Structure formats: structure tokens, C-alpha cells
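Structures are listed in the sections that come next.
Okay, so subunit A shows up in both of these, paired with subunit B first and subunit C after.
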Partner chain A sequence: MAETFRITRAAYLESLGDFRKFLKEHCKDVNAETLYDLQLAVDEACTNVITHGYADMDPGSIILDLELDSDSISITLTDFGRAFEPGAAPTPDVDAPIEERELGGFGLFFIQQSVDQMDYKATEDGNKMILRKLLKPPSSAGLH
Partner chain B sequence: MKTEVKQENDITIVAVSESVDALTAADLTKTISDQISDGRVNLVVDLAGVEFMSSAGLRTLLGAVKESRSAGGDLRIVSSNPGVDKVLKMSGFHNIAKVFTSSAQAVASFSA
Partner chain C sequence: MLKYFRVKSQPEKVVPDLGMISLSLLERDAALPFTIRQLNNLPENIKRRLYRGLIPPALLTRFGIDPIQWTGANKAPLVFVNAEAQSEKVLVTARSSPDPDDEFFALELADNSLNGIELNLIVLNDPTQPRFSIDRTDDGQPTMFGTLRRNLKAEEDAKQAGLAPGQIRAGLNTSKIVFEHIETFLSTLGHRAYFLEPLTYASAWVFERRGFAYVRGHKLMDDIQRGFQPGGALSQCLDDGSTFRKPDQADTVRGRAWAIHDGILDTIDARWDKIRMVKQIGRHAGVETFPQARY
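Take a look at the complex of A and B:
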């Protein structure tokens, strides 16, 4: 049976460390690479909510729901700010020379690279970003 | 995040530890920028002590590489944490700046 955990924090950049710590505490059995991927995806998604979703308004909250299954980890991030349009963000050109490089634009790209599935929906109960990471069998675990 | 700046011959080493995220990246940008403004344009940013770095940290590094080169110098990176290394690789950072696994190698590369 799946285990579920929840943390709610104010949408401030100061909360980013709390979300990372929460994931580390509860995802004890995953390897270091998987934990980093989850922390990175959550960090980028929350940064986006804090800096864009709640821009020009009183910061509300971000709720992180964590669901641990034997073969996957699912995370639902809920916020009550402005909805974001994942399709509107351009994919960064990672082969471009430095002169042509934009400094930003990696957030959504890193989320997509770090998890196996990403869904986003704006609902009456808030904006929900759902991230799912499949767990590899132990034999193929570890960084390559 | 903590930073420690030290000088080895003409090379300035900025050793970073803990986390570089959207909260702390601005401090790192300022620390590096201050060095370049003071004429220390050849830099090694040592990320060996960094446990976590997001795209905010990457943004800082890309900007710092550009800034140091505009000033006639260069900025090289030390990375040994597999997670931080993955962030650098995903962004194609290795195509832009030299990345080493030890501070000694990075410093020596300036005189090579």
C-alpha cells in the first residue's frame, strides 16, 4: 500500500530548503540520483510558483503531497496563484555557444528531464502539478 | 549557502558549499561579480562542497562565465557531486566552460 505524506509552506524562496529536506526525510529508500531528481523537479516547480504564480500578489501557500509506491514516487504540488502554461515556455538550446545563450529558461526543462511524467492542471481547488518518477530496480540504480 | 574566496597566484578560487537555489544564487552572483570588478578575472568556482544546485545556480554560472570573459579572463568550474554534475551536463555547460574534478586541476589549467 502507498504511503502518503504532506507538507504545506508559504510561497517564499525561504521555503525551498524545507521542501528539499522533507523529500530527503521521507524518500529514505531511494538512491542519491533519484532523490536529487525529485528535489530538483520540486525546487524548479516551486521557484516558478513563487516567482511567477504569486507575482504581484500576496504569497499564498504551496502544498506538497508525496505518495510512495513500490515502483514509483508521485508528487502533487498545489498552489493558488496564477496558473502557468507549460506549453508557453520555449525549450532551451543546450548546444548553443555562450554568445547566444539565454541565462534562464532551464526550470521547466529540468523538471521534464528529472521525472518520467509531468501533468499540469488548473482546477477550482488550485493549480496542480503532478510529477511521477518510476523507481528503477536496484540492479540498475546509481549514477552513470 | 556559504562561500569562501581565496587567492592562489593569479587565480581566485570561490569555494561554494551547501545549496545554490533561487534564494541563495544572487549572493553567489554578487560574490563572483565583486571579484571581477576588482580585477580578479581568472576564477575557479569550486562546487565540490555543494549538495544541491538548481537552474538558478546555473544561471549565475553562465552569467559569471560571460562576465569574466568580457573582462579578459576566464571562469572554470570544479564539480564532484554527481547531482550537480548532472545539472551542468543537462544544460550543456561542459560545451561552454571547462569543468574539472579537483581545484588543483582547475588552477593548474590556467598555466597550461
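Take a look at the complex of A and C:
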């Protein structure tokens, strides 16, 4: 059965450290690379909520729900600011010469690169970004 | 930044406008949320059955009220529902006697512009406790619980008696069970959340304990917590200059609430205004902006 944990913080940049710390505290058994990916994805997603979803208002909350399963880690970020339309996001051209790249657009790219699944929905009980990271099976190297 | 992750120009409605509730509509989809307006358009006795779920029966029997008939010992009606057809609001009130001043329960739910649910009003007063007229001035003008104008003498007496701003009488200590009933009622309707605007700092703190998160104002609550730390900007306002600004008020929820009610947020260029909270049905957000607080 999955273990679940929750933390809620105000949507401002100073809260990102609490989310990072929370992930580190509860994802003790994952390797450093996986933890880094999760922290990066959460950082980017929360920054977007803070700077756009709650823009021009005294910000509300971001709720981080963490679900630890034997083969995956799921994170649901819920906020109550303005909703987004993620379908409208083109993938940035990371191969383009630096001077030809458009500014921005990399946050979503980083999230997509950091996790295996990303979903987003705006519902009556909040805007939810759902991130899922599969845990790689132990290496079979050395087994015969 | 997620430059291409655009903010929606218009939020979507929680509930489509479906018109009258009918048997076929009920059969169609058990998860389809209904609005208060749709309920209000039902026949009177159906409404009464549904809205009965908003008041805990144990709260009514505590005051000798029949939880089904809504009458007292002498058969006088003591529970009232205002839910007119076409209206988007329902107001349920209950009194321990025919005297309107003995009202101990008031609850108003309303549809918002997205067909979600607003908790406009919740009052849980103990009618056996002394009443403080913080809701009206000496010449009878309404104060809107001290937000429009203030009855300072009544407020001083209320504070002295241990009440928080906005309270006319001591509370019933039943908010937990009342919120459970509200959630059961709203989940029956198919809603996943409801919203409110806390009148005071003390009520926001109570709602945090009941599992609410913030749509607006979470940062303000954190700023208030910082401001009341020793040497903080709000602490420095507690200079013993009035009944509402005693130095020890920083240590309690009520104390802070009275000082905020008295206007000290000006010091940090803030106002107690437009704070908005949300409760996810069946879930506790775990917000605690005043850790280990004493009420």
C-alpha cells in the first residue's frame, strides 16, 4: 500500500525550500538523481503557480501531496489561483542555436524531462498538476 | 518560467446550467453537482428534507427542539429555512426560544458565479451565555459585526469576557460537527469544495483547524505570524495604548484578532480584506500559520 504525505504552504518563493526539504525528508530511499528530478519538477511547477496563477493577488496556498509506491512516486500540486491551459504549450527547440531560442518555455520542458508522466486539470477543488516518476528496478548487472 | 503554459482567460463553471432537478437527471450521473438554486426550485417538503441535513440533530435536541418537526416544547417553530424558488441562497437559522435574540445557529450557503458553493455565514452562539451588542451601536445602527462601525464599549466588554471580534456570544464549541454536516450535505449534492471569506483573524485560524486552505491571504497570515514575533512590526503596535492593544495579545489567537480588528495591519501596509479560504470535501489541508497557538 502506498504511503502518503502532505504539506501546505503559502504560494511565494520562500516556500520552495520547505517543499524541497519535505521531499528530501520523505523520499529517503530514492537515489540522489531521482530526488533532484522531483525537486526540480516541483520547483518549476510551483514557480509557475506563484508567478502566474497567483499573480496580482495576496497569494493563497499550494498543497503538495506525495504518494510513495513500490515502483513510483507521485506528486500532486494543488493550488487555487488562476487555471492554466497546458495543452497550448509548444515544446521549446532545445537544439536551436542559443540566439534563435525563444525566452521562457523551459520550465515545462524541465518538468517533462524530470518526470515520466505529467497531467494537469482544473477542478472544483483546485488546479492540480500531477507528476509521476517511475522508480527504476535494481540493476541486473552481475547476475547470471 | 513556463511561458507557454498560459493562464486561462475565463474559469470554467463547476456545474453546467441544467435546469430543474428531475428523476431522469438524478439517474443520469450520480457525480453531477447540483446548485443551491436547483434545490430551491424543488417543492417545499423536498427542500425541507434535504436542508434538514445541514443541522446536526444533536444540536437541536440539546435545546429541546424536535429534529424532524423543528418545533420546541410548546410546538412553536424554532428552526427556519429561507430558500425561495429561483434564489441562489439558503439560510437556515435555529433559536432556543421564540425570541430572535436567542438564535444559536445561522448558516447561509450560496451558489457563486461558477456554480460552486460559498459559505456566506456561519454563527454558532451559546444562547445561555451573556450577549454583547457588538452588532449594533447604542443608537441601534448595525455595525456588520464591527466591520462597518464599532460599538467600542460592547467590544471592550466582549473582549474582557473572552470573546473574539465578531462574536456576540460565546460559541457552542460545535463547529467540528457542523462542518462535518456541511460536507456530507455538499457531497450529497456532488460538490468537491466550498469557499468562504473569514470575518476575522480568529475565524481564519478556526477554519485552518477545520482543514481549510487559502485562495487568497495565505501570505498575509504568514506575514501576521512574523509581525507578532518579539520585535516584529505588529508586536510593536501592542503598546498598551488601548484595551485592544495590550502587549500580551501577541501570544493568543484572540489577542491578535482584537489588535487586527483595531487596525494594526496598517503598520505592514495590509488590510483584513478579501481573504478567501477553500475546503476540499473530505480532506484536511494541514495549514497552520500560527503553530502551537493558544486560542
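In this section, the second predicted complex is superposed on the first by the 138 of 144 C-alpha atoms of A that agree within 3 Å, B and C clash if a C-alpha of one lies under 4 Å from a C-alpha of the other, contacts with A are read in each partner's own complex, and residues count from 1 in each chain.
One rule holds in what follows: contacts are C-beta pairs under 8 Å (C-beta built on N, C-alpha and C of every residue); 3 or more make two chains touch, one makes a residue touch a chain.
Fair warning: this is a prediction, and the values are worked out from it, not measured in the lab.
*Asks:* Look at where subunit B and subunit C land on subunit A after superposing the complexes, then choose clash or fit.
*Replies:* Partners fit side by side after overlay.
*Asks:* How wide is the angle at the Cα centre of subunit A, looking out to the Cα centres of subunit B and subunit C, in steps of 10 degrees?
*Replies:* About 130 degrees between subunit B and subunit C, seen from subunit A.
*Asks:* Applying the touch criterion given at the start, work out whether A:Thr4 contacts subunit B, subunit C, both or neither, answering first, second, both or neither.
*Replies:* So A:Thr4 meets neither subunit B nor subunit C here.
*Asks:* Looking at subunit A, does subunit C or subunit B touch more of its residues?
*Replies:* Ranking subunit B and subunit C by residues of subunit A touched puts C first.
*Asks:* Which holds for A:Gln117: it touches subunit B only (first), subunit C only (second), both, or neither?
*Replies:* neither
*Asks:* Figure out whether A:Thr51 sits in contact with subunit B (first) or subunit C (second), or with both, or with neither.
*Replies:* both
*Asks:* Applying the document's definition of touch, where does A:Gly107 land relative to subunit B and subunit C: first, second, both, or neither?
*Replies:* Touch status of A:Gly107: both partners.
*Asks:* Name the contact category of A:Asp43: first (subunit B only), second (subunit C only), both, or neither.
*Replies:* first
*Asks:* Which partner does A:Asp125 contact after superposing on A: first (subunit B), second (subunit C), both, neither?
*Replies:* The answer is second: A:Asp125 touches subunit C but not subunit B.
*Asks:* In the superposition on the shared chain, how near does any CA atom of subunit B get to one of subunit C? Answer in angstrom.
*Replies:* Closest C-alpha pair between subunit B and subunit C: 7 Å.
*Asks:* Which residues form the common part of the subunit A surface touched by subunit B and by subunit C?
*Replies:* Looking at subunit A, the two contact sets intersect at 44, 47, 51, 103-104, 107.
*Asks:* Mind listing the subunit A positions that touch subunit B in their complex?
*Replies:* Within the complex, subunit A contacts subunit B at residues 13-14, 16-17, 20, 32-33, 36, 39-40, 43-44, 47, 50-51, 92, 94-98, 101, 103-104, 106-107, 109-110, 113, 143.
*Asks:* Applying the document's contact rule, which stretches of subunit C touch subunit A when the two form their complex?
*Replies:* 1-8, 11-12, 14, 33, 116, 191-193, 213-222, 274-276, 278, 280-281, 283, 285-287
*Asks:* State the interface residues of subunit A toward subunit C in the complex, per the touch definition above.
*Replies:* Touching subunit C from subunit A are residues 6-12, 44, 47-48, 51-53, 55, 57-61, 63, 78, 80-86, 88-90, 102-105, 107-108, 111, 122-126.
*Asks:* Considering the complex alone, what residue numbers of subunit B touch subunit A?
*Replies:* Per the stated touch rule, the residues are 19, 21-23, 52, 54-56, 58-59, 62-63, 65-66, 69, 82-83, 86-87, 90-92, 95-97.
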